[in-house]
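As written, the chain order gives the labels A, B, C and D, with residue 1 at the start of each chain.
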Amino acid sequence: MNAALLPGATPNDKDFLLAVEALTVSFDGFKAVNDVSFYVDPDEIRVIIGPNGAGKTTVLDLICGRTKATSGSIKYRGQELTRLSESAIVQAGVGRKFQTPSIYDDLTVFENLEISFPRGRTVFGALTFTRDAEVRDRIHQIAEMIFLKDHLDARAEYLSHGQKQWLEIGMLLIQDPELLMLDEPVAGMSVAERKKTAELLHQIIKGRSVLVIEHDMKFVEDIAHRVTVLHQGRVLSEGSMERVKNDPKVVEVYLGH
Amino acid sequence: MKLPTVNDNPFMKPMEWLSLLVLAALILVVLPLALDGFRLNLVGKYLTYAFVALGLVICWGYCGILSLGQGVFFGLGGYCMAMYLKLEASSVENTKIQSTPGIPDFMDWNQVTALPWFWKPFHSLPLTLIAVVAVPTLFAFVVGAAMFKRRVGGTYFAIITQAVAAILTILIIGQQGYTGGINGITDLRTLHGWDIRTDSAKSILYFVNGGLLIACILIAQYVKRSKLGRILVAMRDKEDRVRFSGYSVASFKIFAFCLAAAFAAVGGAMFTLQVGFMSPSFVGIVPSIEMVIYTAVGGRLSLFGAVYGTLLVNWAKTSFSESFPELWLFGLGALFIAVVLAFPNGLAGIWRQHVEPRLPGRAKPPAAPTVLPHGAPAE
Amino acid sequence: MAENDRVLESALRRRLLMGLAAVPAAAALPRFAVAAAPTSAVNTTGLAVTDTEVTVGILHSVTGTMAISETGAQQAEKLAIEQINAEGGVLGRKIKIIQEDGASDWPTFAEKAKKLLVNDKCAAVFGCWTSASRKAVLPVFEQYNGMLYYPTFYEGLEESKNVIYTGQEATQQILAGLDWVAKEKGGKTFFFIGSDYIWPRTSNKIARKHVENVIKGKVVGEEYFPLGHTQFNSVINKIKLTKPNVIFTDVVGGSNVAFYKQLKAAGIDLSKQVLMTISVTEDEIDGIGGENIAGAYACMKYFQSLKNPNNEKFVAAFKKMWGEKTVIGDVTQAAYLGPFLWKLTAEKVGSFDVDKIAAGSTGIEFKGAPEGYVRIHKNHHLWSKTRVGLAKADGQFDVVYESADLIEPNPFPVGYQ
Amino acid sequence: MFGDYSLGDLGSIFVMQGFAGLILFSVYVLMALGLAIIFGQMGVINMAHGEFMILGAYVTYLCSGFFQAHLPGLFPAYFFVAMGLAFLASGALGMLVEWALIRHLYKRPLDTLLATWGLSLILQQAYRSIFGAREVGVELPAWMMGSVQATDTIEIPINGLFVMGVTVLITLAVALLLFASRWGKQVRAVMQNRVMAGAVGIDTDRVDRTTFGIGCGIAGIAGAAFTMIGSTGPTSGQLYIVDTFLIVVFGGAASLLGTIASAFSISQTQSTLEFFLSGSTAKVLTLLGVVAILMLRPQGLFTLKVRR
């Protein structure tokens, strides 16, 4: 099932939603990501794990264009992402959630979602954007999904930490990305919130691929189709959770601690 | 499901309509009735600075870009207008004592014997009116594109705009044969044959100025309540989030910066018309920073506040410097500090916090960004 | 000098005897009784003139960068007005001053000029210092028909019915000095250094024409620096390279201080190298430090050290009013002339009306001028002498040359443009 | 332009021109050092930097007057006392300002810019009220003026050498302080992670105050040194401010080395251009060059590429 791991198979970009190959980035000689390759299938949930400083967040940064790669390629549906601007990458269908909730404190929940609605993204589009029925319906639908339909009028600043995380996930959902990247979506959540979030994730992954960074192993086991383990900027191991868990290299550097 | 109130997104809320009405009445009715011609002309001059303040509300208050070089755009707009007026005042007939008649007097003094190419378009009024807005806006576009595409912001941007203002001043002063040098372009007389120096012309220009200012307020209001306005606020707050929602952040910043430049340019042109000359002293750093303080005093997030702030500071400047010239700088300095330390939302903040809640029948302030965030505006 | 205006002289003496504030109005004999000049006769255009008072304006920068320079002018104007009042005023009326601050900002000058003319109806305004401020107020004075007495030496190229220029225009100030330096100091090669704006550029242009066409010398370098520039080491090297006979400077403001300090530090000894400046007066030396500029020659119409009775009285009165430590430069003296010229004109035409003053100014003579006799030319500039002073370490000048005759003002010099 | 001159002449001119460039470089470093520390370490833009410099100049002026009146025998050495006092005066004022003003604004860097501009207006007017609107002449000991005759044709100005010496000493002192002292470690810790530094027991408030004070104090020394080459008046500080900011920004604010390198490149460009072109043109070209490079490389010339 995993073409990349089969010996002798040449990966064909067209089959993958995302193909990361030989990706390297160095900061003044320090290689934060070093020759990393992995491939994500359509509708797959991939979790990236690894100890602190392994380069997980940097990989997401590279995919969404926040950091420019030193070498290597990132192909999304056969399209080279390393040459696109961040906004073009988003418009191609890649969504990204940050580690700490990244929402607009000064705007209401409704406005937060509205800004993420994928229409009127140019300057003049934004000037002439109207809040029509389609927009409202979609926002209400998403708000319901992320448990915030009663808070649409509230300033985002006043939401709880968990609610902010949900709001950001909602803002990604309204973009309807084909590849959704989540950086520690349940970090800092209460047990109840965590449960609700897992539920939410199960609901939203339908019809898209998801790339998740997470530390919470129980959560990872719960959702991952496959797991990629990074260590010191390199891919240490890859495969099902079961396989990775039993990989002695992984045990040594990560799970064993 | 109950539809939340945010769904109505009116162009202006009733309170804002009322504010606009009050401001329009003040500028177009009360002041002209209450003041003599001299004072009214003075207010007219102050109101030209309000254009700059208005632009800064969008650019600085909403978008978080602090430009310390707005004088550049004010000056460019003013110079474009002044070039047209100067050419008209330098008809062959008026300048026959010169060695080269038909060119501005300062060119003649500097042995320039033919009109430079970049002066030629300013023989035409329509081209001039286009240039008044287009030249500064284009310049803002070039500077903005270079800076924002490379993610320069915050204090860096502020300092670079300052340097641009310094360079332009040195250039204008140094190229006196083409620009009039430090004296500027003076002795302007007529606009398309209409004598702008008469009292009646001055009052007409005052009303034109007031009308344009209100038009600019309406444009700014349109931008502010559009989705673009909310994106600007969002950008100031979490620039990356906006970027990863699929927006080209740089384009929006360039737009805000260009809009502010265009407003400033209109103000500059009106300044030239009302005051009768333009000089490099408006392009420099000091006036540019002073214009920022008008916005800060009015409340950096309030369009109406910008106008009131401008009027108030200038009124204080004029009356203070008439009675206690030595104290004026102390006052102005203290004002800068007080506005930043104690009243970061300026007059508008004081109004919202202390006056508005006491008005009969007022609900809580709207959810729009009425309060300056605790964090830095767009670093 | 013997036939100086005796009235003025006696007024001055009386004033010195009695002290500044203690001159009772009655002590001075008014030369014109009010009855002889009813307000309706001396003021037909609605100026601020009453039976006992006439209002004038003083318009200088009290704040901002120009305040440094304009202080002296403003003090001199106040002194002159006090002296005139002590003597009985103008046409039997005391002069009342309204002072406005131009704040080193040209539009503010225009705004305040308009206030003085339109709101305060001032009969005359004494003020402005920089060309830029004068250019800004000129249309205001022409439009509202006011009278401006402008004290600074300037680039010329201007003439207005509404302005009396009590300082020298460029040719008047420079040419005699250049001739002197060519003759006495063997000046053949010149190096020009100026601040980058209209006055130095115009002055140097005139100087260059004169050097090339009249003196038959050569200009080996011409350099301009932005206002406020403080680094002159490169240009000093150029001077060393080109070895001019004469360094001719019109650097202004804070740059001056830097220029002379660096010149001295670079080992250019002004007792051997001839340097002629047209921009350094006693006022500037205060900031430069006399020891840094001693040996330089300045070319202008007035120096504080001038030896004549008028000047000695003027210097004493000025110091009495503004403090022992104050110094008096060329512009300060020129500013002092303004109120007297206006008074003499008003008394000649018997009216405060601006049109009559403007028309009647031509030919007005002031014998009590500290610089000596002056007369208003029909182009509204003054006939005046030009002098060359040698700067001393104590901040004063030794006058080493004085033109034999009054030099005619020529604001539009043919052959120098 | 060199056709008429002998080789020896040209040689000496080039040597002296080299020194002119070095002097300009020292002046720029002195101006920018204090600002760079404050901006680099604290992210605060101090628009009143020029006024702190002028405070140092006025202190020198007062000192010179005092020594002339009371200790004429020690006059030749008064300048060293003046520089020390200038450091203390500007530093103390800086700490006061930090306490009263800056510490409330760390989260709003653009607002510090406005507040310090207001402060600069107040200081200017205060100088004007106290010392008068005119520039004051600072009398210098005779040994500081004049030049060293290196060869027949090469003369090196002593005040230039003095400024260079002061610059080298101050730069070394700052480098030592930053990289070897306890304070320096604390400053760098606070700069990198304020919260963590506070948590491990560093008094971040005090570190901030000292940093600001030292930055302002260096400005004071610069002001004292500049009495040798420039003017001392209420608004003289304004003459330096734009150049100073550009040097710091051009260097890439965070690094001391960057500031020095940027001062070097700007001063050499300007000084060379000034020699071959006219002063005004040289200035405009230099400024244009700086802005053009900043447009291409806005983070400054010498910053490290770091992970965000």
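Just so we're on the same page, a residue touches a chain if its C-beta (ideal position, glycine included) is under 8 Å from a C-beta of that chain, and two chains touch if they have at least 3 such contacts.
Since the model is a prediction, treat every value here as computed from it, not as a measurement.
Asks: How short can a chain-to-chain path be from chain A to chain C, counted in steps between touching chains?
Replies: 2
Asks: Can you name the chain that lies farthest from chain A, using the mean of each chain's Cα atoms as its centre?
Replies: Measuring from the centre of chain A, the most distant chain centre belongs to C.
Asks: Suppose each chain is reduced to the average of its Cα coordinates; what separation in Å results between chain A and chain B?
Replies: 43
Asks: Hey, how far is the Cα centre of chain B from the one of chain D, in Å?
Replies: Averaging C-alpha atoms per chain gives centres 33 Å apart.
Asks: Where the CA atoms of chain A average out and where those of chain D average out, how many Å apart are those spots?
Replies: That gives a centre separation of 48 Å.
Asks: Can you work out the whole-Å distance between the CA centroids of chain C and chain D?
Replies: Chain centres of chain C and chain D, defined by C-alpha means, are spaced 37 Å apart.
Asks: Among the residues of chain B, which are close enough to touch at least two other chains?
Replies: Where chain B meets two or more other chains at a single residue, that happens at 170, 174, 326, 329.
Asks: Any chance you could list the residues of chain C touching two or more other chains?
Replies: Chain C, residues with two or more chain partners: 63, 196, 224, 226.
Asks: Could you tell me which residues belong to chain D and also touch two or more other chains?
Replies: Answer for chain D, listing residues that touch two or more other chains: 125, 128, 280, 283.
Asks: Which stretch or stretches of chain C touch chain D in the complex?
Replies: 63-65, 67-68, 71, 196, 222-226, 228-231, 233-238, 240-241, 253-258, 261-262, 264-267, 283, 285-292
Asks: Along chain A, where are the residues that touch chain B in the complex?
Replies: My answer: residues 64, 66, 85-87, 90-91, 95-96, 98, 102-108, 110-112, 114-116, 118, 120-123, 126-129, 131, 136, 140, 149, 152-153, 155, 168, 171, 175.
Asks: Can you list the residues on chain D that touch chain B in the complex?
Replies: Interface residues on the chain D side: 39, 43, 45, 101, 104-105, 107-115, 117-122, 124-126, 128-129, 242, 245-246, 249, 253, 280-281, 283-284, 287-288, 290-291, 294-299.
Asks: In the complex formed with chain C, which residues of chain D make contact?
Replies: Chain D reaches chain C through residues 5, 9, 13, 16-17, 19-20, 23-24, 27, 125, 128, 133-140, 145-147, 149, 155, 157-160, 226, 228-236, 238-240, 270-271, 274-275, 278-280, 282-283.
Asks: Using the touch rule from the top, collect the residues of chain B that touch chain D in their complex.
Replies: For this pair, the touching residues of chain B are 60, 66, 68, 146-147, 150-152, 154-156, 158-160, 162-164, 166-167, 170-171, 174, 285, 289, 292-293, 296, 326, 329-330, 332-337, 339-341, 344, 374-377, 379.
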